[in-house]
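Scrolling down, you'll hit the structures one after another.
Heads up, the next two complexes both have subunit A, just with different partners, subunit B and then subunit C.
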Partner chain A sequence: MSNISDTAIVGIGQTEFSKDSGRSELQLAAEASLAAIRDAGLSPSDIDGMVTFTLDSNDELDLMRCLGITELNWTARGPFGGAAASATVQLASAAVASGAAKAVLIYRAFNERSGKRFGQPDAGGYAAMMGGPDFHFAYGLDTPAKIYSLWYQRYMRKYGVTSEDLGRYVVVARDHAATNPAAWYYGKPITLDDHQNSRWIVEPILHLLDCCQESDGGVAIVITSADRAKDMKNGGVRVKAATQSHRFGGQIMFDYYRDDLAEFEETRTMSERLWKDAGLGPKDIDVAMIYENFTPVVFLALEGHGFCKRGEAKDFIRDGHIRLAGSLPVNTHGGLLGEAYIHGVNNILEGVRQIRGTAANQVAGAQHVLVSASRSGMILGPL
Partner chain B sequence: MAQKDDIYFWEGAREGRLLLRSCAECGRIAHPPVPMCPQCHSLEWGTRQASGRGTVYAWIDSRHPSRVESPSRIVALIDLEEGVRLVSNLRDIALDDVEPGLPVEVFFEEINGHVMPQFRVMEGRA
Partner chain C sequence: MSNISDTAIVGIGQTEFSKDSGRSELQLAAEASLAAIRDAGLSPSDIDGMVTFTLDSNDELDLMRCLGITELNWTARGPFGGAAASATVQLASAAVASGAAKAVLIYRAFNERSGKRFGQPDAGGYAAMMGGPDFHFAYGLDTPAKIYSLWYQRYMRKYGVTSEDLGRYVVVARDHAATNPAAWYYGKPITLDDHQNSRWIVEPILHLLDCCQESDGGVAIVITSADRAKDMKNGGVRVKAATQSHRFGGQIMFDYYRDDLAEFEETRTMSERLWKDAGLGPKDIDVAMIYENFTPVVFLALEGHGFCKRGEAKDFIRDGHIRLAGSLPVNTHGGLLGEAYIHGVNNILEGVRQIRGTAANQVAGAQHVLVSASRSGMILGPL
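Presenting the complex of A and B:
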């Protein structure tokens, strides 16, 4: 019986990231998937498992018909929106470790800017699902920015976190994007003044530049056994640990019913499990990829993972720790604010590149990378 | 959208009562409501009328960022005396005057065709 740590990521692929792809979501999924399969040195007929998000619009059978995959013996979809990002790897690796599948393709593709825009109050997406009355929407929580701000307000108030503190993260993310040719904001760094001068989305919590992008694009990953990875084209990146944590009383988006909203309890318990499974701790991590729909969640995650004490993320960031030359470079591709919002799966690809040594903003000698999506996460390492 | 599990809440609001769903077996309050009690697994529920008093835990202004005609509307998390948290609106108060722990009390108002609980600063505190 093998474990998740006996599996490896052997292929990654992506389309360009844009605001108007000009083609269908299925085409984006197919292009990214084929790139990942070729990157692994495999052919589509080697794929016998598929994993994506419950929210992904691309049907597994349609994608098979694009790629020419013969038969699937494993399919799974991760729930909870972006919280599924790192869970996809756990689902795929568990299938490979158990023998349910030999090579699993993970894909996520959408036209989230040119198609249905999740972040708009009345242009479909979340708002279109709601009628009235209900416990949230009817009171004015009609966009993700407002929904999450009601949570972040407590954190910022408790620890005296200012908008400028948030801006210091955004400046770093945009610096990283500025030197990543795949990033939408390639060559477009910002200053703290730019952040402060961008319009308020939810005053005084979120400026425009605190919000993740809305992007069109597709990404894909191939996972197989670590043994098999040793003989493959680009080698492999070991999945040292991958897990999820969903706790009693928690909710997605409207996560207001836990005792203390100034911490992200799921991130803490999820990473405790990661540290235990991988036999590592926060100090062993060379690079961290952290899912950020909005800036404040990076702060909550840094504390939840134990990279700094509660309430001290603002100091950790101000002291330069998350920069490329710092003790814990974070979101070296620019994050979902700077590179693109492919629902957090693009963060996993960057984690793989860091360990392969092929990232645009390469951290020298990166051995262990944490890829966190708040409620799901993984630690990647060398084969 | 009103589900079967929360109809009591909106019916109560129409009668001017803030109702919480409490387990008929063990008395545990569930908000937002669920059909099974997580403590004793009873499927029998009653309602308990909340005092309507609580304190402010967190809040935002839900004004639309770019529509100038969009009114200011404070959305708040209210910690009720009964030990559960509720999303509602804070009324008759300026944004700058809201603070954590502010004592508030419920009143009811029809908004967009539905009677909804709203909160304002507790009498004698204004």
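Presenting the complex of A and C:
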């Protein structure tokens, strides 16, 4: 049995989300981290562990020097890019649950718009980053939008999902962003026509407005034991379960080599573990934060998590379930399309806010939140 | 309190150690991993977690495909190069202790001689790998031997350590390698004159024979719960404690910015945690495996761990304590100078063999082994 559920998120912090931060990635990491540590009512010297992505450019020792942390007894990084987003919490919670550390800082910070842009063609970069073979490049698969569209297309064809169906998700995400002052698209809702009229990025799958943002910014989280959380400044949000699922035959980015391209198998198996570990099911979830590099992955995830049946995400969305007043509000901060793309870690912060009751778009009485990054995920709940 | 001590190493595996493996790094990782899994009496489908270095080139999904692993629920990587060597066990044991995974595979494999050589000048590489500032390059600090010698020199001057003193360690390490069939320098002991007559790499600090090897090879370890270990093919070796220590002001590689360059502060603080967690002290250790990229770090480590007083490592070594018949046999496989440089992880395998009683240079009745990589370390013991 897991004892990750004996841990809690006790602090969250973030910088502004922009397109040109005007400062270093390390500065962003430090600002977000200090905000998270203060939000927990701790000081930097209380931190004794750090977790980030293998892709993060900020060295742990540099960051501890910026913050004034005395000693770290735990450092760990999650591989696989965005798939690591929720794994960060698993790694930090395991450190606390095993006694390896007492208070672990998670950080992710980058200038993804003004610096190195993930959205630009990259012959060797994805291979180097992700370990994937770059022979696909010769076939024109040189950006994430193109790479992912190849398998989104199979899903859309199998279940008759149209670009308008995709647009209905984006309209909701942008509605949520429009009333979230921290969102890049604050005050800027869109119509379905706006979505349809935005230029093609990968025809006939992705319009511009189906693509997550490229953002500059930093976010951070502090995790400690659930027992200790009870006495802390802003209380704590329990990590009821957190896991990863990586399956035989899978690949990051170039994930074309599986039997059925019309489902996200890892999202299903990851969810099954979450439900089992937390003793909960899809009906128990009040709010869901779902990683979206591009719109279609939300559809695959809604089905993979079991919120609706396979092929029915388009109906689930059309029927309004994912709106604030719906049965399962999704990405209430605007998601990575509407708030910012901080590699999915900003979704965790919104999950915490919903349970604290401090979200800009608060879902009344939210108790259990699923945060998913397709291959990693968690269920958050009250202490 | 830590419950990492509820975990055990149940399998070890390695390839041959060479200068030109003639095959890919992934092949080396797969061969070592399969050997470790079989040594545990498990099959690949029993593995549900993986841990390696951020520097390892082998993608987890590629390796699971090679081995036939069904699903991974834990992936984590340790930053900081060689400092991660013992951290791998901490990360894997925390996964098991927290319930995040049941059986975690640790791997490290590279063609460090025939492929990318760490020993060659590198203007941007160390900065990119280690997060250190590369402005040092302009001052001629372009290889690890040069970079580290700058602070070894302070230690040697303060305590009057001579090149002959260094050589006395190397003679012992090479004696151990000479009777270890797996060692690159099997059957090739040296004299102190050989050491003194080997060419300077960094005058007046490091001769050629003070430098660890550049090796091709792979090693792997399987970790599961101590309870489960009791019923396994080759039993288990308990991870009595495992931790990391990274301190304010420290840097990887260019670690010049501390108050006292004549001690390895992190080795001291890391050890203090190990002693406390394991309820043991230096006198309880039967055998020690100490990471040596270059000879002087063994001296700093012997003092940092508390096996002798500061400045007295040269006497401790001269008096024969680290020989097989001594009070604290060190690097009984030949160390990274004599067996191979698999980034320090091969030291862990030798620690396991000593407790199993299967080492080539077996220390009779070895019960407690310290394995140290300066900033990370562990104490191994019987189940």
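Just so we're on the same page, the second predicted complex is superposed on the first by the 368 of 383 C-alpha atoms of A that agree within 3 Å, B and C clash if a C-alpha of one lies under 4 Å from a C-alpha of the other, contacts with A are read in each partner's own complex, and residues count from 1 in each chain.
Convention: a residue touches a chain if its C-beta (ideal position, glycine included) is under 8 Å from a C-beta of that chain, and two chains touch if they have at least 3 such contacts.
Note that the coordinates shown come from a computational prediction; the quantities given were computed from them, not determined experimentally.
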item	value
First, second, both or neither for A:F248, with subunit B first and subunit C second	both
First (subunit B), second (subunit C), both or neither touched by A:R318	neither
Partner chain(s) touched by A:Q153 [first = subunit B, second = subunit C, both, neither]	first
Superposed model, subunit A: greater residue contact from subunit B or subunit C	C
First (subunit B), second (subunit C), both or neither touched by A:G140	first
Subunit B versus subunit C as contact partner of A:R228, first or second or both or neither	neither
Partner chain(s) touched by A:K116 [first = subunit B, second = subunit C, both, neither]	neither
Doubly contacted subunit A residues - partners subunit C and subunit B	130-132, 248, 251
For the subunit B and subunit A complex, residues of the former touching the latter	1-2, 6, 9-10, 31-32, 38, 57-66, 73, 75, 77, 84-89, 100, 111-114, 116
Complex contact set, residues of subunit C against subunit A	1-4, 54, 57-62, 64-65, 68-80, 87, 90-91, 93-95, 97-100, 130-132, 242-252, 269, 273
Residues of subunit A touching subunit B in the complex	121, 130-136, 138-142, 146, 149-151, 153-154, 157, 199-203, 205, 208, 248, 251, 254, 256-257, 261
